[in-house]
Amino acid sequence: MSFMQVEDLKVHYPIRGGFFNTVVDHVYAVDGVTMEFERGKTYGLVGESGSGKSTTGKAIIGLEKITSGRIIYEGEEVTNARRKRDSAYNRDIQMIFQDSHSSMNPKKRVLDILAEPIRNFLKLSPQEERKRINELLAIVGMSEDVLLKYPHEFSGGQKQRLGIARAVACNPKMIIADEPVSALDLSVQAQVLNFMKDIQEQYGISYLFISHDLGVVRHMCDNISIMYKGRFVETGKREDIYTNPKHIYTNRLLSAIPDIEPETRNERKLERQKVEAAYREEQHKYYDEDGKVYPLKSISDTHKVAMSVDEKERV
Amino acid sequence: MWKTIIRRVLIMIPQLFILSLLIFILAKQMPGDPFTGLITPETDPNVLEEMRIKAGFYDPWYVQYYNWIANAAQGDFGQSYTYKKPVADIIGARGLNTLLLSLLSVILVYLIAIPLGVLAGRYQESFLDKSIVLYSFISYAIPTFVLSLIFVYVFGYRLMWFPTSGTVDISLDAGTWEYYWSRFYHLLLPAITYALLGTTGIIQYLRTEIIDAKTMDYVKTARSKGIPMKKVYSRHIFRNSLLPIAAFLGFTITGLLSGSIFIETVFGYQGMGKLFIDSILSRDYSVITALVMLFGFLALLGSLLSDIILSIVDPRIRID
Amino acid sequence: ACGGDDTETTNEKPVEKEGTATEDTKNDGATTAEAPTLPEEVTNDGEVIQGGTLKFALVTDTPFSGVLLAELYENGYDADIMDFMTNSIFATDGDFLITDEGIAKLDVDADNNKVTVTIQHDVKWSDGTPLTADDVIYAYEIIGHPDYTGIRFDADFQNIIGATEYKSGKADSISGIKKIDDKTVEISMTKVSPAIYSGGDGLWGYAAPKHYLETTPVKDLISSPQVRKAPVTLGAFKLDKLIDGESVQFVANEHYWKGKPKLDKVVLQVVPPTSIGEALRTGQYDMASSYPTNQYDGVKDLENLTVLARPELAYSYIGFKLGKWDKAAGDAGLNITDENAKMNDAKLRQAVAYAMDIEQVGERFYQGLRSRATSLIPPAFASFHDNTLEGYNYDPEKAKALLEEAGYKDVDGDGIREDKNGEKFAIRLASMSGSDTDEAIVEYYRQNWKAVGLDVQLTTGRLIEFNSFYDKVKADDPEIDMFMAAWGTGTNPSPLGLYGEASAFNYSRFVTPELQTLLADIDSKEAIDAGYRADAFRKWEEYMFEQATTVPMYFRTEIIPVNKRVKQYNVNYANDSMDNLHLLEVTAEDPIK
Amino acid sequence: MSTNTNELLEIRNLRTSFRIKDTYYPAVDNVSLTLRKNEILAIVGESGCGKSTLATSIVGLHNSINTKVEGEILYNNQNLVNLTDTQFNKLRGNDIGFIFQDPLSALNPLMRIGEQIEEGLVYHTKLNKTQRENRVLELLDQVGIPNVQRVAKQFPHQLSGGMRQRVMIAIALSGKPAIIIADEPTTALDVTIQAQILDLLKTLQDEIQSGIILITHDLGVVAEVADRVAVMYAGEVIEEASVVELFRNPKHPYTRSLLKSIPQTNSENEQLEVIQGMVPSLVKLPRQGCRFSSRIPWIPQSAHEENPELHEVAPGHLVRCTCWKEFHFEDEEGSVNQ
Amino acid sequence: MENNNAQTVDKLESQSSPPTGIQVILREFKKDKLAMFSLIGVILLIVTVMVLAVVIDQAKIMNIQLLERFTEPGVRGYILGADEAGRDMFGQLIIGAKNSILIAIAITILANFVGIALGIIMGYYGGFIDNFFMRIIDFFITLPTLMIIIVVITIIPSYGIMDLILIIAAFQWMSTARLVRSKALSEARRDYISASKTMGTSDFAIMFKGLLPNLSSLLIVEVTLSFAGNVGIETGLSFLGFGLPPSTPSLGTLVSYAMNPIILSSKWWIWLPASLLILIMMLGINYVGQALRRAADAKQRLG
């Protein structure tokens, strides 16, 4: 069963303007997102830039203020409690950032970077702390001599692994990974992805995996949600999405992914153009008058698609 | 755009109000009063006392403040105790002098600083650049008053190239060509002194901007279009670096105003800066408060002006 | 009030600011009559040119205000400007006493408390209108007017009968002033004292052009063009152009009663004290309204200048706080001497005076342009100043002896004397800040005092800015035991205003019945006789010397550098060229460089 | 060079070195490549392998103080390496167009779009003002921008990322160049937009028949549009082949590892193939022997050449170093995590 | 890309040192001989002044000796001559320099302390706190500061060095705060701050242990240049007569002697050494500051 539920999460940023610099409008960065998380599973969040993926992640972990909605963790509502720094929730939910470089304080040594969550959450003795750090280094496959180095002395992949080590330092239940590999080169990306999977297997961690790279998501995730303008257009098991996409937006996204089959590229191009044309033609059917995504409707146990009431009949 | 300007102007009202309160209270705290300077054995102390009472110096401060601000709001800053004239009249005449001085100084500052800054940035680390940087540092390091003193002494008295006091030759009739020339001529030495010292900021800023701009991607784009280097500099690098300078204008004027205190004092130039120091010494409250208010107002205006210029010049922050 | 012919030092100038560089450098210069022997007159046998323009530097840091009416101005620099274009109706002698040589003559009927002013010549205003008795009266009517806001409606003025009634609006005219005929005015007063000849007792030394001013209400006068832009005057020159606060151009007044001036023009320009030396050296000006003493070096050897000198109408002093001003007492407050004041020991005060090496200071810091003041009447008042008075001279031994005698002994052997009870004794001195020189001088005196075992500390720890200084002194700040200041005496040497019981300016707050009597004697009717008065002065001076509550420090010599092209110029008080401007001549088109 | 050979640009033994602490380190080392007419030559490789340096060398935009460019870049019988700036300016924008990765920073923020496109036309064409303006609109239209009149008057920040990149392409196209160099033109964009831009490039190329050098690190992009591919590693070209050949038959261990590390090619729950180690930094780069050898230590040193050269293993398929002959992924097992 | 290179370079040199740390600074100084020379010069100058100021007998120097009035340099052991009261100018120069430097340092420390702390708080929290203080700063920063300082100074009944420091500092922190805030604002948006938040670190620790060190390069430059600026303000005020009294010599009071044209033209030893000292010190500091700024900004770096 799911250990954590996110219900109708909304994050709206005010837009100020007008004569008295009052709030004139809102950016609906996240506009009603509902999710459930189970142990040891990976949940993918895909969408184009600005669709609200990061905001969702940040809202869950407490970096953004939630406008409305609830987060229930192990049966308890933590919507507001998550902003208390050293709560159990904060210990159990950790984050990996897209830019591993900027996610580590450049003026701190690896030792201090890794120790930060341990010191805050676990209150260990210096020896125990040191032991834990060594364990972490072992987990990410690095030797102890890195402890005195500074972040900039590592390659992107190494840094991302350190980032992961830091995230798992206090045995979290869930890790929110916001584009953990999009800044990395292919070969390094592979290292990190492998590594994330290893950890998951070992510790039964759940991931909320945010990415715009459908290839990576497909590789990593059990469940995938496609996001558009702060809402989900489609959510379901990996197979649901990749083999049976229902929403036109999902379709379009999938067709745009480059494939490494050069022989078939011309067909793909034609297909792509077809989908694009279809999208242009029919998109109004998939969004309401305000251009908003319709609420999700289940079309199978695992598969939900956003659609209008009349649309449902058609399916 | 207009909305933003109007809003900014409206914000200025409470700001000026706070400033007025602040400066009024400060001024009242100053020891002595305009009549202290009048005491001689032959002035009757009772007469002075009576004048103090008449001037309202024994009223509670808020009453005094209310009277003052109520009049000030209508543009009446009272009478100067020293000059026995409406403050507005005095500041009006001096203001023009300072305005002219500032204007000429600004023009000179820009005339000197822009080419130097541009050259230094363009030929970074060359001998030329190093000389310009040295100059800009020296101009920052020399206290205004030292250079002014030396200039007055050398160019005014030793070489006698420039007049050393006043704003115009009295024997000339207003309106004649000679009259305007004389005014200009009187302004020249203080303005040059000032300009020589006021260039540091702009030179440094421009230099850094240009060095930065040189490495920008858009400069590479421009070069990839195959346009000559000269044009790359003039259309892309200089333009992009210079435009923010335009926004400095507002602040430059503000800076010049406070610098005018030194320049005008040394050159005996009858402007607002000198008026301020004189009024401080003679405790001419009405003038002091009015001047600080005016300077504050001009400063606020200057920063508004800067914002407006910047927004006109830089499409990215166009305010609407 | 401001009467008589205030030739050079105008009363209203903030004279106390001794050496305040930024405020009033004018008084920075000074000397004794003895010091460097400088002439009072230029000698010049050069060939005179026709006409010419005199270039005059008004030396000041602050611009003039431009109130160009004798009844209204308050700023001393305005007086300097008016010097060129106004003329008092009375002439004065070397003692600043009114003579019969002027436009008008003064007859005093002491028994009936009446004076008569008679216009003696056929005098015209600069616009050609003849001067009449109405003009003389109009000047009184301006000062006495209910709307008048200036400083001249004072106790003296109220000595004129009917002045108060007129002021309060109860009367349409001043009852005591009567026009006898077109040339004669009779003024009745409540009392007439010797001060009348110095322009005191309410006598007013100027006429106001009634025909020109009467159309403007008195309250608007001060801002009217008649006062500020185009005054009508009686002087040798009349105003031609004026640039606010910076320069003035005068042209010869063809109606001048002594004859048309020889010069065509006078151009007056404001010059900061810091650059006046250079300006004179480079021949930009012929003369200056004043010259800072501490820049004497700058002009003394210049070829193109003659440096003239004369004693100033001022003295510097050190005063001791001996009491308090009681605002509530008497009519408008009285001085109350406190027997237990810290400094209430004449020997102590004398010792303080004897310990000061004023001679050296005068010589070194002021190049001899200031000298030890021997009395409270400066030498400029030739007949009243008593050369035989010796004053305190630098005598540290005597100071020590006096202190021993008074019981101030060094008990603990640290070189500093304790007070009579053997307690630590420190005197707090308030002194005004001004030029850097002032600072050094005060430090020097502190060294002097220390040498005789007196610990003198500065109130507030540093020199005090002019305004705060007077705030503190006036308020009898308990932090002040003694203070250094200076008085400009004006042309009336009467000390009553500074030492009387009811005088708020009596900052040492010292009053005794004896002193009261001595002061009263100086201004008594008998004293209208100059010999009697001189005697009365002497008695008072001797008393003050003994009491040492106010110890005179310096007499000052003012120096007046004049370009060598100027002819017929002298600064002798008796025969000042500023009274005879029409005689001035120059020998070259431009000042000699 | 005659046109009938179809060869547009020939790079021979190009070496571009940067000065770091007074020593020059080659970031592009002994690279030889040929670009033919109407083809898209993709250059792939990991970050820091010298792709941008190569591209910048071709257009001569290196800062001459810190950079040394040696070798030959032959175009129209001239060696671009030796050209003066003035001579180069005749080519840039006219014969060679350049597209940058980040269109926002590559466009002058203070200039209107129209002006920026028009600028090159002033120097390379004899068109008058109105003709130039028309050409600008034409170009904008060509790259698929709607509402060209308005866009021409807008500033870069007012456009979306995709639009900006289209504008960049319009600028590059303005001189109808024979050669277009695109340095990661789609990396900053969303996949949908990336697809549009790539399609656009392809379409345009068909129209103007120019040769395109496309620099990217995304093998997907290569597969979508490239005709030929050169794989770079540590400043060198280590493999060069036609696109199908490269994807079907990669030879160099580096290329093969790269292809294997793409998630989509793997079945869902499997581990991805990984090359151990990392690209050495410019200064620490081994200059002798096979530069990849340190990352495949289980391959005996003897398998590597002393001075590796490009071998033609199949027609048009070149591979540097002979180590590929011994490379198998199985050898790498167990060393995945470092 | 440019950044890339800088990092590559860093990688070469620094074995375990933070980026843009001491190494970078040192390299900038090594590259720029003038800056190096200035740094050594300024340090030497300050140390010399401080040491001499301890060694010399201040009371003796400030003792008035009328016979030595305007003694010329080199005569009777007066290295730099004497002023009008016969006080040794060299001694006064040292004491003056010491006072000026100490005052400037005190102002710099005080103003920067407040400015930096507030700037970081504003930048970190943003929102209301930021808005609130920005309004205040915007307001104060546009005020005619010099005028208000002068008015305030005339009010203080007996003001000494401490008051002067406080008054100037009270008007100096604003620009620092604004600068720090703008940098902190962008720095606080970086992921490592978010990371610290998700790892339970308290706001205070994030601000002052996490964020502050990352502003250090900027702060070093800011502090250096504001030090130079503060020397300027003190001397300026003393010149106008609102600074220290002559009995407490500072460089400003010594320079202000030049107001007297006679001293300006013929007693150069009274004002010129102090002026030159200011000039040299400011020049030196500026060159040092320039090198520091380059070290802080990868784009401007030389090496």
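List of remarks:
Going in written order, the chains are labelled A, B, C, D and E, and every chain counts its residues from 1.
Heads up, the rule we're going with is that a contact is a pair of C-beta atoms (placed from the backbone, for glycine too) under 8 Å apart; a residue touches a chain by one contact, two chains touch by 3 or more.
Which chain is which protein? Per UniProt: A, D = ABC transporter ATP-binding protein; B, E = ABC transporter permease.
Bear in mind that the values here come from a model prediction, so they are computed numbers and not experimental data.
Under the contact definition, chain D and chain E share the contacting chains A, B. Between chain B and chain D, the least number of touching-chain steps is 1. The leading chain pair by number of C-beta pairs in contact is B-C. Farthest from chain D, judged by the mean position of CA atoms in each chain, is C.
Centre-to-centre separation between chain C and chain D, using Cα means, comes to 92 Å.
A separation of 48 Å divides the Cα centre of chain C from that of chain E. Computed from the mean C-alpha positions, the centre of chain A lies at a distance of 31 Å from the centre of chain D.
Chain B and chain C have CA centres that are 39 Å apart.
Annotation for chain E: residues 11, 154, 157, 256, 259, 261, 265 touch two or more other chains. The set of chain C residues touching two or more other chains comprises 22, 274-275, 278, 465, 467-468. Chain contacts: chain D has no residue touching two or more partner chains.
Residues of chain B that touch chain C in their complex: 30-33, 36-49, 51, 54, 82-86, 93-94, 152-153, 156-157, 160, 164-168, 170-171, 265-266, 268, 270, 277-278, 281-283. Across the complex, chain D meets chain B through its residues 59, 61, 85-86, 88-94, 96-98, 100, 102, 105-111, 116, 119-120, 122-124, 155, 157-158, 168, 171-172, 174-175. Chain E meets chain B in the complex at residues 2, 34, 138-139, 142-148, 150-152, 154-155, 157, 228, 232, 235-236, 239-240, 255-256, 258-259, 261, 264-265, 271, 275, 278-279, 281-283, 286-287, 290, 299-300, 302. Across the complex, chain B meets chain D through its residues 216-218, 220-229, 231, 235-236, 239-240, 243, 313-316.
For chain B in complex with chain E, the residues that touch the partner chain are 15, 18-19, 22-23, 26-27, 29-31, 125, 130, 133-134, 137-138, 140-146, 149-150, 153, 208, 211-212, 215, 254, 257-258, 261-262, 265, 276-277, 280, 288, 291-292, 295-296, 299-300, 302-303.
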